[in-house]
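Next up: some structures, all given as structure tokens.
Next, two complexes with subunit A in common: one pairs it with subunit B, the other with subunit C.
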Partner chain A sequence: MVETTAEMGMEARWTWRGPSLAWALLAPSLLFLLLFTYWPIAQSLAQAMRIETFGSDAVTWGFGNFERLFEDASFRRAATNNVVYAAGTMLPSIALALALAVGLQESTRFNATLRAVVFFPVLLPLVAAAALFLFVFLPGIGLLDYYLGKLGVGRTNWIGDPDIALWSLIGLTVWKNAGYYMLFFLAGLQGISTDLYEAARLEGAGAWGRFRRVTLPLLGPTTAFVAVIALINAVTQVDHVVVLTKGGPSDSTNLMLFYIYQQAHENYDYGKAAAATVLSLAALLTLSALSLRTLERGVHYES
Partner chain B sequence: MPAAAQDGRWLAVAMLAAVALVWSTPLLWMTVAAFRPQNFGGLDMASLLPDFAPTLANFAEALDSADFARLYLNTLAVCAGILSVQLATVTLAGYAFARLQFRGRDLVFYLFLLQLMIVPPVLIVPNLVTIVGLGLYDTLLAVMAPYFASAFGVFLMRQTFRTIPRDFEEAAMVEGANWAQIVWRVLVPLARPGMVAFAIVSVTAHWNEFLWPLMVISNPDNHTLTIGLASFTRGAESASQWGVIAAGTFLVAAPLLAAFTLFQRQFVNSFLFSGVK
Partner chain C sequence: MQTWKSLVAAGAVSLSASLAHAATEIELFFPVPVEGKLAAEMKNLIERFNTEHADIDVTPVYTGSYDETNIKTRAAIKAGRPPAAVIMSANFILEYQINGEIEPLDGLIEANGLTADAYMDRFWPALHGNARFADKVWAAPFHNSTPLLYFNKEHFVEAGLDPENPPATWQEFVDAAKALTVRDGDRITRYGFMLPGNYDYLGWIMTALTMSNGGQYYNAEYGGEVYYDTPSMLGALSLVRDMIFTHKVTPEGVTDGKAVSTAFFAGDASMVMLSTGSLSFIRENMGDRYGVAFVPRNVRNAVAIGGASLMMPKGLSDDQKAASWTLINWLTSPEISGHWSRFTGYFAPNRAAYDLSEMKGFLEANPDAQVALDQLAYARSWFATFNTVAVRKALEDEVQAVMSGDREPAEALAAAQAKADEIMRPYVEQTALKLPQ
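Now for the complex of A and B:
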């Protein structure tokens, strides 16, 4: 084969290298994206607008499903809960991840051990974490109450009290995810030149001043990126709700995806499930686009 | 001043150690409780002190009440199935984006980008409808199918291919290799670090996945580890068998935790890669 003149071979290959080859290589990915990303988006939109009347075959189109959705107190509760849950998990886990990364950035044996300890929960399935937290949250004899009791704190119904339950799930999520976000901050910190710290030190900046004026601004893009991941996690992870609370007590821990799951899987109300899916998609896209804009601005700032 | 700085340093170390202590308790408890005799005093169940006579009774009971062998096999099949198809799709598409010029490339790139934000879990309801329509309901293939295309993997491979100098390909081309030979013999071996990183992220994600398999699987023979653990936990919880829950959770979590301990650097790098998106 090598005997054919190199020139001719090149020629033939370059024509094959045109658009047809590119599309052929993209085809498998595009096929699956079409089936399980684009088609379901279109299908949700159609299903959300489709209204079936009970006991008749007639189908009309309109915003009826959305109206029914907004009238449903459980939906409103799930939407507000999800906003609280997103903010409540994002702020502490990102702040904690940043603090841990700054505190543990030097590679000593002690720091490496602490980093591994904080990272372990990331590898645990959320279902397994939830199974463990069944005992952590157990009133009276569970881990939390047992040790808080020694400090003189009385027993708490961590996941049975509607005022506390969502915050307990938030605590579980922060425990599970902070180590993951820490990794990105650790990587971001490695990208900051030590000269900048030296310059700040020469200008008389203390540890806090160096953190505020060098570390924090230069980690801007990392922070925006971590925020997007944390946001996507807050909208797409509800395994702990399924295992620990099933959205209760009285919808106090119902999150949007669990609500969608309930509508489809338990109530067979696909119209409402589709309408809620469409709203979730819109929220995810808007918020991610906003964060990515911030992200890009951060990158410009850095260069 | 040095004294104050020294004090601040000790304070920081103490706070970090305190956070690490709190962070480690659930997993520490899991390990201690899993090996603890079942007749252990109910009120001190939360104690973190290891027992002097460790026992495997909790594991025996856990293995007895759920078919862990089948759950492991199903989960392995799902992870391996997803990964092998993904490696093929992301390598081909990653090569196209990294090396080929074609009209509409940017537009298609944005179409892929969409999957990074609209992740499959949000689409569980319409995807269930598709799965039923394809006649795949209650099969392991149904658990795998939505993940066969991976925008994240495509970007990762695209980045990885871009870091490889073109000299290698040009040399192969001069020797008469076609594009398939170039991808398979030149680029794939050089892109191995990227593929390993992707494999770790992919397997971790699907080993841990729950809601989607819960939705498309009904026959217990097709349950994955997470579904098995959830239903097993429900039973053990009502009987207050916390040691058995700890043992079951240990069985589900142990493989990944062990792999992490062995290949710590590799894992950390892979998860960082997942940030390069």
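Now for the complex of A and C:
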């Protein structure tokens, strides 16, 4: 359309070319990003630097909120918990997802059924899964203790013992997410040419050798992607904390996002909540950038 | 075609309706704090109110738990669109008063030709403290509770205890718990006593135990003081520790309130301490196999009330205020109050509800509800301070540590007191410690 008008000799007409076209196409999503992402980030930054005191309207600016944050033992506890939770959920769920994908990649009817079974937890919203697990985790009479009891294991207070509670939540998360990550690995496996496996087989590589030398390197981009998704999940999903423990007992399952919620809505300390938000955002951005880069360095992309 | 016609017809009807009388539209925020079918019943009630009051159109808005209702109300006030009435956890009212976000009811009460004293006299005395303070009436009690000791009658008989004579003192309570606990070698197959250890519930149960031990728990007259590091609370917390670790009649660690009621239904626990608000739910699940008793005493009988009150946020128009006041009076009337009480298990705050014949019949058929009512004579105001939830959590985190065997009661209470004082400091500095220059 643009070309025809140009051919017709209508000169100096403004055309949809170059940067203006790009901006026009980006405009709708930019608008929403601005409204719902960048503007809130700017507001959080401002709120984090804003210092208010109860009973006075005076406002000063500075790093006071961050200082108070670092002095708060609950904040340090939530940060440590989140690191343990991230590591504890990412490694097992990714390993499990990879193992399941490799084991179930061939399209037989039996495998399709198994895949559906493994994928099932993904279909449940986390909040519903957590509500169910309240009864799975019941000490003595819950599903878990009932079957463990048949094996002679005594009763365990899965979410009420501060030494165990965080690990119970980690277990729930791995159960919930492994099937989801499996999907990415299955897709990744489709992209690996069977020629490579045949070649490897001719070279005399066993099953483990083929997995290590062919599958794993070629799944590099998928693994990098899944790792970042898993990391983001570990920071942004706290439904189960809200439903099952509210961060307890004694803050042992408090994660950063729930800590932020508590500061804002229980303590009405918006400054501290904003400061913690800014810090977790910064940590998340840095970690995502780092993990994508380091993983990509060892990644083999197909041309 | 059919839909168009009906749409036009509907439009015409609503147009003529709004021309006939411009009904005042208001919102009621309501939480559902306990198990059961409360949300559906609340909608039925409001439908009935709207039919009976042509000039008012109330929209009931379900706002989740007590805590979530608090958050949503604050957000609505901040956004400049406050609901006309909120069913608010009774101990959060103080914070709205401290923050100047609530409308006192005194003017409306006087316009009805009543004094504040006469108005409050409708409600049980135990409920006054959380509704009327700082010289004004801030809220109307809507449904209230106290903690009760629920026990399994069959277990009592099995253990050689008299189900008609449940434990009244801490000594009898511990003795009964020991007799009720069933052991298989080192393993415990049935616990004598369980208490909810989750946030919010735990603080309330600790209040009951501390008050039964002669304690105050908090300064009911001033929102900047709590009495955590005191002998009365040390005794209460030591009782809990002893039941877990010395007598081994209560499970270690934290058990959620829902898990406690499930354990009680499953016969896994013989005695539990839960809210009167769970009475209907427990009756449904236990039939006649359970009994209820007062919270046992060491020094005296005393518990804190729980439940919720109706409040009016600031920033309403005069029409909205009038409509809201009509709604509040209707919801707290003897008839509705009694109906809601029979449906939920909460007791009716309006004393006149118990003069109605339906209520008399109900109490005769359900003597457990009578026990809950009798305990009211010993009930007191509910813990409320500046930043109530955070101050409560300061104690609960430490009690949970004791229940998990990580801390001794004395050091736990000292830590809880320090943390609570730190949380209340901004308020204290602006009030009790604000001295003439």
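One rule holds for everything that comes next: the second predicted complex is superposed on the first by the 266 of 303 C-alpha atoms of A that agree within 3 Å, B and C clash if a C-alpha of one lies under 4 Å from a C-alpha of the other, contacts with A are read in each partner's own complex, and residues count from 1 in each chain.
Keep this in mind: a residue touches a chain if its C-beta (ideal position, glycine included) is under 8 Å from a C-beta of that chain, and two chains touch if they have at least 3 such contacts.
In this text, all values refer to a predicted model and were calculated from it rather than measured experimentally.
Student: Please name the chain, subunit B or subunit C, that touches the greater number of residues in subunit A.
Tutor: Per-residue touch count on subunit A favours B.
Student: Once the structures are superposed on A, label A:D251 by its partner contacts, choosing first (subunit B), second (subunit C), both or neither.
Tutor: Only subunit C; A:D251 stays clear of subunit B.
Student: In the overlay, answer first, second, both or neither for which of subunit B and subunit C A:Y268 touches.
Tutor: After superposition on chain A, A:Y268 lies in contact with subunit C alone.
Student: Does the superposition put A:D161 against subunit B (first), subunit C (second), both, or neither?
Tutor: second
Student: State whether A:Q105 touches subunit B only (first), subunit C only (second), both chains, or neither.
Tutor: neither
Student: Between subunit B and subunit C, whom does A:I141 touch in the aligned arrangement: first, second, both, or neither?
Tutor: The answer is both, since A:I141 touches subunit B and subunit C.
Student: Contacts for A:F133 in the overlay, against subunit B (first) and subunit C (second): which applies, first, second, both or neither?
Tutor: After superposing on A, A:F133 lies in contact with subunit B but is clear of subunit C.
Student: Can you give me the overlap between the subunit B contact set and the subunit C contact set on subunit A?
Tutor: 134-135, 138, 141, 265
Student: Considering only the defined contacts, which subunit B positions touch subunit A in the complex?
Tutor: These residues of subunit B touch subunit A: 5, 8, 12, 15-17, 19-20, 23-27, 29-30, 33, 42-43, 45-47, 88-90, 92-93, 95-96, 100-103, 105, 108, 111-112, 114-115, 117-130, 145-146, 148-151, 154, 173-176, 178-179, 204, 207-211, 214-215, 225-226, 229-230, 233, 237, 242, 245-246, 248-249, 252-253, 256-257, 260-261, 264, 267-268, 271-272, 275.
Student: Going by the contact rule set out above, which residues of subunit A touch subunit B in the complex?
Tutor: Going by the criterion above, the answer is residues 1-2, 4, 6, 9-10, 13, 16-19, 21-23, 25-26, 28-33, 35-41, 43-44, 47, 96, 100, 103-104, 113-114, 116-129, 131-136, 138, 141-143, 145-147, 175, 179-180, 183-184, 187, 207, 225, 229, 232, 235-239, 242-243, 257, 260-261, 264-265, 270, 273-274, 277, 280-281, 284-285, 288.
Student: Please give the residue numbers of subunit A that touch subunit C in the complex, ascending.
Tutor: By the definition above, subunit A touches subunit C via 53-56, 134-135, 138-141, 154-155, 157, 159-163, 244-251, 262, 265-268.
Student: Give every residue of subunit C touching subunit A within the complex, in rising order.
Tutor: Residues 67, 70-71, 74, 187-188, 197-199, 251-256, 258-259, 262-263, 266, 268, 387, 389-390, 393, 396-398, 400-401, 403-404, 406, 423, 426-427, 429-430.
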